[in-house]
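Next come two complexes, and both contain subunit A; in the first it sits with subunit B, in the second with subunit C.
For the complex of A and B:
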């Protein structure tokens, strides 16, 4: 098989570190002040695939995209794009790729949206007529037409991001990297962007997109396959459905009880409970428990314990496992927790 | 996989370059709103020329009608090109990386960083032509300078200008390219280098007064021969006594060799800077504030 992307034993180490980096995940740093951003990464992406990289802050997602896009050299190991080695022949790789990073405020303020798109299309040698067609169509889909002749300096961050996305797509790259493309966008715009991305891959079965994200739902609903990365290592790589099947615990229950005011939760000394999230709704006088059990039989012990303590179980329902559950299982903590630790 | 989509494998050579030059021009002409344009392209060079006049009178006590004054004035006027071009390209990387945050996208595009930097510099080169013409006109009008450019000299003069322009762009690319490896506080380096060059190429003082080894450096760099060629064509006589033995053709040849050398060094420097930037991850790393 001709992979769109293939990495073998890919490793990237950063030497030294600025103060900023000291705030980041210490665990990734070894004794010599070196940061192992990627370690033994083996990945294969098929042509036509929308491939997701999911991981907490500092996991190495951006580092991986930078290597695949020839912005950064690997320390060791190899990476090929469309069969071409990124370290040996970066020029040929660049003709086949493009990249969009989210969460930045980029753009030449002096140019209009259309001029920016046109200029980059020129850099890639796209003929003028084709640029116009593509730009018009994409601006239409993303609702950017009314801003076509607006100077970039006058655009909001979200609108700039849409322009940036079109800039990435206008060269019709064989492989496109999207680094958190929906970061900082409002819900509606993020949804537009997601459906745009999905439609692109569906329309072009020979082209691939690699996307990094923090959003579980984005990875789950959008991507054909997802690699879960943590501390520079790929923990698992599969379709979202398979990841959930293989890694998410099957025994997740939601139990609603009257408002619990005693701290912790009423099941904290029960062995069958692997973990429990507690959510208090003071206004409704309710507490929701999301409990993960060691096995399906455990639910009997749970209801028994509740009645022993005189707590009424107002409702008990079994939940579909989510990608987040799989993530938790693989990485050992959720994204929210690591976000606090990491930043 | 359809080859028709692979248009990028055979891009038109000029298209990408013109697009980048247009960006350069848009950025240049932005501060070409009349007031700022006047300040940078007219008033500043003019003040430089006037300071030169005052210094000349105080130091030498000679009138501005002396031949030496004409040589200094013309050298100073043309050197504006080097200053402007180098300081323009010297800032492109910083601006694109920190202010516009577009450097990574430029770098990834098949246009190539060298061509991109050259195109951005070309816009400034064009704008600076106005400054030079204006300064020369003021020289004729206020200080009685007479230019003797005969039609027969025009091909020679054009060749001199073109080669000097290429050498200057190459110098800009070399300095601009190496700023890839610097944090933002490196922005003043290119301008500093052009200041040193001012002394080394005999823009005002003849290179004959430089002590060894500086005089040897002056004989290697193309701008020395560029200015000598300009003076010979424009004023009818050369400036540097120790170069008087060289024919016009020999001046041109040395300028050509110096330009080729500068282009080669610039190319190597850019390749090295790109390699280091990609190896260390500095390429699109913003300076921490």
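For the complex of A and C:
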């Protein structure tokens, strides 16, 4: 059997400093002003699989997709798509793939939705009649039919992204790359897009999708397997369930206290607390703490510390481990924190 | 092979379609893009009238005004096209498609040529009518051949610059803008080239436009004092050479730039 995607010892280095790069995370850059975007990446994606790449900004997700879509050459190592080497035989790779990115502004404002889908399908040699059939069906599923004759320049973000999705799927690629496809979409539209994506993979055993995302829940609920990637390296790769089992600590608590206004959180000097996320709800006069403990016994020390500081624990509940917990353990920080650094 | 050809033909039509419907959909462009060149034509025509220049010079100006349209299209629409489309995110979608990059460029060229032809025809007809230009065509066949070969060379140059600009940004685009006025001047849009001296004329002959324009003038006004640069046949031969050369160079540049871009990571914007 051919893997849908296989990479071996894949590495990509960018050279030359730009002002922009200064804003990126320092850790990705070595002393020569080079950025190691991908390092020793070994991945295998099976036909029929919906595979997720989860990682913070600058992790190398897009770089990997660019290599797999023949837009970028690896610095070393190999990548194959459907058994074909992306560097050696890009033309044959291109017949099998397509790509959609979040927040994409492709197309031309003066064309209608239908024309845009048709135009891009022409680059894949899809006859007009076939485009129409496929597009009609997909527009129907995604609720885009009423916009079929609307000019692209008049579309809202969500509607435009639905069009982009159809644009990518209409060539009936064997392997599809989705780079943060739900970026900037509201909950309802994001859900529609996800179920569309899932159904498309399930419809045919040969179809595969690689999807990058920042959203833990998206990776968790949508993907068959997820690779957690950080600073160019794959830290773990497994089903979401296995990742949670192997990497999520068992002791996550949610503690509600009256609004905490002193900065940080009241448990910041406690050893048993491995990490804590703080969420303030000024309107309700509450602060929520999401606390990860070294072990189950630690909760006693936590409540004790709270009462020492005169903070009432309004509620304490134990949480099921999430993919985010696994991520935190693997990467050493949450996505929110790294996003701040990345900007 | 056959399916590849089919895909490439579809791609040319697909990409050209944008310009073809664009021409119909945004009628305001027609107003500006026809009126502004016409104003320039009027200005020069009136100056020539004032100087009591031979009536044919006014004909030259009108014909030149029509040809300006094609040059502007090359400069504005073709040269910077890949750069703009990279910004929009289209370029990467073209590049991941199983289609020849040349087909995409040809699609742009065909679309641009179509749209510009409407514009040029409008300038020619209105200008000729207002100034009562009298044409005296020696050979229609030759005129058609020269026109198409000139277009082949011009749009070859356009595709070449489009490829060269592929990896570069705004700066390169500004350079193209900077060149616009001097090029009008030395390529003899508004003056017969000879009057600028042969050195300048030779340099300008590098541009297929100069030769094409000169040949077209000779063919359109075969009776009078045209003051030609070179015999039409020689110009045609040079134009054919330019056409082959520019198109060949465009193909080479495209392949080279794409490879360079894949190596350096400049085919796409980084910000994704």
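General remarks:
Everything below uses one rule, namely that the second predicted complex is superposed on the first by the 292 of 343 C-alpha atoms of A that agree within 3 Å, B and C clash if a C-alpha of one lies under 4 Å from a C-alpha of the other, contacts with A are read in each partner's own complex, and residues count from 1 in each chain.
Throughout what follows, a contact is a pair of C-beta atoms (placed from the backbone, for glycine too) under 8 Å apart; a residue touches a chain by one contact, two chains touch by 3 or more.
Quantities reported herein were computed from a predicted structural model and do not represent experimental measurements.
When both complexes are superposed on subunit A, subunit B and subunit C clash. Contact with neither subunit B nor subunit C is seen for A:231 once the two complexes are overlaid on the shared chain.
Of the two partner chains, neither subunit B nor subunit C is touched by A:265. When subunit A is checked against subunit B and against subunit C, the one touching more of its residues turns out to be B.
Residue contacts after overlaying the shared chain place A:172 against subunit B, while subunit C stays out of touching range.
In the superposition on chain A, A:244 makes contact with neither subunit B nor subunit C.
In the superposed pair of complexes, A:214 makes contact with neither subunit B nor subunit C.
By the document's definition of touching, neither partner reaches A:162: not subunit B, not subunit C.
Once the two complexes are overlaid on the shared chain, A:206 sits against subunit B while remaining clear of subunit C.
In the superposition on chain A, A:114 contacts neither subunit B nor subunit C. When both complexes are aligned on chain A by C-alpha atoms, subunit A residues 14, 20, 66, 69-73, 91, 94-95, 97-99, 101, 104-108, 110-111, 115, 118-120, 122-126 touch subunit B in the first and subunit C in the second. Remark: subunit C residues 3, 6-7, 10-11, 13-15, 17-18, 21-22, 25-26, 88-90, 92-99, 104, 262-265, 267-268, 270, 272 touch subunit A in the complex. Residues 14, 18-20, 47, 66, 69-73, 90-91, 94-99, 101, 104-111, 115, 118-120, 122-127, 130, 167, 171-172, 174, 206 of subunit A are the ones touching subunit B in the complex. On the side of subunit B, the complex with subunit A involves touching residues 1-2, 5-12, 15-16, 18-20, 22-23, 26-27, 30, 100-102, 104-111, 278-279, 281, 283-284, 288.
On subunit A, the positions that touch subunit C within their shared complex are 14-15, 20, 62, 66, 69-73, 91, 94-95, 97-99, 101, 104-108, 110-111, 115, 118-126, 179.
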